[in-house]
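In what comes next, subunit A is part of two complexes: it sits with subunit B in the first one and with subunit C in the second one.
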Partner chain A sequence: MTDKEKEVEKVFIGGLHEKLVEDKIIEESELDLNFSKEIRKYGGKDVMTCLQCGNCTGVCPISLKIAYKTRIIMKYCQFGLKKYTLDTRWVCATCYRCYEHCPADLNPAEVMIALRHIAIREGIIPPFIKTAATNLVKYGQSVKPDPEIDKIRIELGLKPIHTHDADYQTVIREIQVLVHASKYDKLIGIQEEVKV
Partner chain B sequence: MNDTNGFVYFFGCVVPNRYPGIEYAVRWVTGKEGFNLDVKDQKGFSCCPVPGIFYSTDKDTWLLLAARNLVLAQEERRQILTVCNGCLASLLKATEYLQEPKNMGKVNRVLSQIGKKYTGIAQKTEGRRKIFEPVKVRHYVEVMAKDVGLDEISRRAKHPLKNIRAAVHYGCHYLRPTERAAFDDPNDPVMIDKIVEACGATSVDYEDRLDCCGAGGGVRSHVIELANALTQDKCQNIAAAGADCIVTGCPFCMLQFDNAQKSFSKDGIPVMHISQFQALAMGIDPISLGFDTHHVSAHSFLRKVRGS
Partner chain C sequence: MTAPAPQEKNIETSDPTKGAGDIAGSKIGVFICHCGSNIAGVVDCGKVREASEKLPGVVVVKENKYTCSDLGQAEIIKAIKENGVQRVVVASCSPRLHEPTFRKCVQQAGLNPYLLQMVNIREQCSWVHSHEKEKATEKAANLVQMGVSKAGKLKPLEAREVPVEPTSLVIGGGVAGIQAALDLANMGFKIYLVETQPSIGGKMAQLDKTFPTGDCAICILAPKMVELSRHPNITLLSYSDVEEVKGYVGSFEVKVRRKARFVHEDKCVGCGSCAEVCPVKVDNEFDLGFGQRKAVYVPFPQAVPLKYTIDKVNCLHFKSGKCLLCVKKCSNQAIDHEMEDEILTLKVGTIVVATGFDTYVPKRKGVYKYWEYENVITGLELERMLNASGPTGGHLIRPSDGNPPKRVAFIQCVGSRNKKIGNNYCSRVCCMYAIKNAQIVMEHEPETEIAVYYNDIRAFGKGFEELYHRVREDYAVEFIRGRPAKLTLDPKTKSIKIRAEETLLNKITEREFDLVVLSTGLIPSEGSKRIGKILSLTQSPDGFFMEAHPKLRPVDTAMDGIYLAGCAQSPKDIPDSVAQAKAAASSAAAPMFARKVRIEPLTAIVNDDLCQGCGLCVDLCPYSAPELVPGDKGGMRAHVIEALCHGCGTCAASCPQKAISPMQFTDDQIYSEIQAALTETTRRHSPKKKAEAEVSP
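And now, the complex of A and B:
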């Protein structure tokens, strides 16, 4: 595992307390002025209009458990404090509760998704993304077919999983063409061999 | 009126590869022994693709793969019948993106490499103009409650599950985000509860019933401890309400409930898809529902069902 991957793997338990951004002393050199532009490019169009009311944090099921607080992440994004958003990219459950409860009708969940787009393009790719993407180009499905389940399928009177059938190979070929056309295979670094 | 002939099954990834019992139940309930809906198989479908992976990492790729699936339904002139919240969210969002002419053109330029084109389903012609409607993506719960109807469900429940107290879990992507006209109230959904009651069982209220199971958005794959902590909260609330089982419309939430419970409790509460629950009330032999593949044993639950 590379250092970058370890960074993404890190879990941080912070409890219920929300530390305000004002507690941090921010150096000008830490600011990435293009950060919000980058976020908007990947669909987080609302990032600069957030007024920091904190409703999103209040309804976020993840904010209840760990130091990740939606409002703070929005603030970091506005300031361009990219490094503080590193740990938080893959903990959003995309439940869209923040969006439902935002009084300004903004969509923080899409900002979190934009942060993931940026992370991937910086080479911070969690292993499960690679596994799922590889499964898709190999089997046409993100979940790897399991021979044990096939036995049960037959017992129940269902047809076995058809991903290995000869006529399904054209489907897999089509998927590979699409994934290649959008350069996704290069972006993710899809592996040859996959584990479960 | 929508000029489409029936449905086409879209089972996704989790159901066929992890919970074949759901697939059996859905086929049985919608088939000849059940409500006899017009549903066809379409072998060419791939993964929807899963929003937590593809929508989160590259929206262009996500849209291409989703559009490919939509084209297959468009060629059949049928509505997509999905049994999973993730597939629903992904495909529905894709039809909305493809309403934008710019997105549609971009997607079709790539799809032409595999000889496909997304237009939506042609409905009628006005003068020289053809009117297209986006491919319809429907959740199993919606089809049951709207197309089949609660009266019919209750009439066909030959073995009403009178003794059963069920805790309903909707799952986040059942209705959120609420940008579209939804088939159920996003902030107070009732459809699964109504189906459960039409099956003769009691749907119990519990604290924070609309909370997330914890699995979505890649959280389960990335930080499983965090996902399980959320599930634990839910399960405590469900146990406090004295429920016999958890009923959900989403196989991925089901996977999370089923797998996570062993990390914090010995017995656990059995969890099942709404189609399995319905099939039980309609008198299916429980052996066909594949409860053996579930991690949490359903033995005591099934004993109670037989006592109903």
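And now, the complex of A and C:
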């Protein structure tokens, strides 16, 4: 067997093996039959009436660029394949174009938001969410203040964002109170950042 | 031809005095039905019987497996004849189903048929409380108690009958209206067919071929149109509108406006010399703007009646007072610009409504760019193009440059199955007409490449699936499952790029087409709203007329003597429209053959002494039954036209004077039921305790 033949066999058999693993039969135990109800609880309109026409995918700016298809997430939700929705939750930009075009008057964007609610409550929290939340309670905004931006602001005659004046501190304290009162800090796991 | 003579009168033979008796002391028989296990499976009928036996006035209580069976009915008859029962209470199913059965049974035993009270312990008890057997039993006993209490207050009533004029009015001259008119005329009735357009034929006349067989639409329709115009029993009133309908089943009085054609129908021979000389050219509505016609025109060559019509809006004479070329040319002096609208008054016994449909018009700023891109057309426009007598002589062209398209896309479900625009229903014909048109395009130009963007293909009818199979097998028409998301125009070639997700591949595709055909759905016709108001017909939320019962009375309406045919009721294809037209004709014929129709006595009755003639009931009645007439003691008084009244009770509930009461639902009877419902004898819980029990889960 030549090297090339070996390579071909490796690719073919290896690929086939992966394919087999990926396309194995979905067991009933993998299905969460109440998933659609759970989504509705968190504000996603009834996903069961989705016609699977694919209009949402066609208008989705994200679906054009990466391997994410709005319609198929809706199908996973109908079917109760919770774990298949894992890596897609934070991709949606919530531009609501899918809602604008949906002939069944569903709102896939809100389904994506509901999926995030469910994920957070199950403790599946990606690091960037924690970072954004930390920034919020620390600086009053989800993006960390940048000294470069402050420089530009000063040049333009505006106040720098990251100041130590009393007003700004009051605002941050208010945000912290709200975050603590709504138990958001506990949910995300940033209790130590909140000093109330 | 004349309609058959009326049959012998066979109505109410019972003695009205019988059973009237002393109301307070009348003997009541209670018959509790098991309905197999439908009721007995949940309700303990033995307990209900025991409870009923203790009720005042009850002399006989019987349980039956099926009270509606011959055996069950024999029990009722026996109780009336042998035990002297004067009021019958049947505790079984909904009165909608078996009230007529038991009325006949009671009547057979010699009692007035309206001395029967139905108690619904199936739909209102065993079916809805199937998980709470004890409570269901208790409720059933309560319901029976209420029924018994009301039964004591029942009064004997007499059914009336009114004569029926053996003439029918058919509104709409599409294929459904034509078929209904022909069938009724062939049965010997006189028919008026009113069509708002200058020619009958409707939408079917516009089509090229029909699915699934590929028959030429006008070739099979034209013979029917000609037969109709020549039928001695049919008066064809084309270019006319129904203005007003008064009266009720058997004797409707209809006002029809014959719009001025400015051409005398009796003189015009349809030679067309007027159109030859007419200098005005406008878009022909029949060709949906693709072809042109003159200001004096027939919409299409096979028009019936073949009489020319002058379009007042575009005629030069009406615009400037000049021209009159057509008048000079017409050798029969048929043209008369001074003609005026004429009002006809017709007297008819029944009405068939066949007002048809319009096709959905895509939105101006819609995704599919119908109003922006020339090469996006609708299915009906394609149909006109493919038609040999159409504007392009049967050639498929691109509207932008007149060249034959090489790549054609069909987009399905435009204006149907869409909650956003409010048309939630499936239009039923779009899948098949797109498939049929794809086949015709391939027959014309075998090199064409066709893709059909669909959501679901609904090929449900006879021969439909075979046609769907054929276009894929013989013509390799491609079916793409996905709803197009974006259409973009190539400004140079005027071709259109469609972006859609091919959902079965889970991939977004972009493909270019020379012509895009939108398979637009069906919506109620423009005139149907007006006709609905004139006839007091109910419409479902989608705007189509509502039938009396979706399964068992699909051609009747809530208004007696008015029947539905074709797409006025819901979207349907030609065979279904014809079938419904035939059904409507046979339903309309029944009262006309009998020459009389029975009117239920369960109507509202006005107490003249109490009525002040405020007219509130006249405004509120959904059936226009009450009218104001001069009273005996001066002033106006309400009077209920019994033939129109459905006994719904709206007038009685609204009357500030309590002057109107619906028979068998008088205040006295209802109060006695309420009284019984509140009596403690059969209740274990006090109302307060019960309310608490309902709150806690």
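Definition applied: the second predicted complex is superposed on the first by the 163 of 196 C-alpha atoms of A that agree within 3 Å, B and C clash if a C-alpha of one lies under 4 Å from a C-alpha of the other, contacts with A are read in each partner's own complex, and residues count from 1 in each chain.
Rule of thumb we're sticking to: contacts are C-beta pairs under 8 Å (C-beta built on N, C-alpha and C of every residue); 3 or more make two chains touch, one makes a residue touch a chain.
This one's a predicted model, so the numbers in the text were calculated from it and none came from an experiment.
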Answer with clash or fit: subunit B and subunit C placed together on subunit A by superposition.
-> fit
Which of subunit B and subunit C A:57 touches, first, second, both or neither | second
A:44 contacts which: subunit B (first), subunit C (second), both, neither?
-> neither
Partner touching more residues of subunit A, whether subunit B or subunit C = B
After lining up the shared chain so the two structures overlap, which partner does A:158 touch, if you call subunit B first and subunit C second: first, second, both or neither?
-> first
Which of subunit B and subunit C A:80 touches, first, second, both or neither | neither
Which of the two partners, first being subunit B and second being subunit C, lies in contact with A:66: first, second, both, or neither?
-> first
May I ask you to decide whether A:104 touches subunit B, subunit C, both, or neither, giving the answer as first, second, both or neither?
-> second
Check the superposed model and tell me the shortest C-alpha distance between subunit B and subunit C, rounded to whole Å.
-> 8
Interface residues of subunit A shared by subunit B and subunit C, listed none
Residue ranges of subunit B touching subunit A (in the complex, touch as defined) = 13-14, 16-18, 20-21, 23-24, 27, 43-44, 46-47, 49-61, 64-65, 68, 110-111, 113-114, 116, 172-173, 176-178, 186-187, 211-212, 214-219, 221-223, 225-227, 229-230, 288, 290, 292-293
Touching subunit B in the complex, subunit A uses residues 8-9, 11, 42-43, 61-62, 65-66, 90-97, 99-100, 107, 109, 113, 116-117, 120, 126, 128-129, 132-133, 136, 140-146, 149, 152-153, 156-158, 161-162, 165, 167-168, 171, 174-175, 177-179, 181-182, 184, 187-188
Given the complex with subunit A, which residues does subunit C contribute to the contact?
-> 367, 413, 417-420, 455-456, 481-486, 499-503, 506, 508
Sites on subunit A touched by subunit C in the complex | 51-55, 57-59, 63-64, 69, 71-72, 101-105
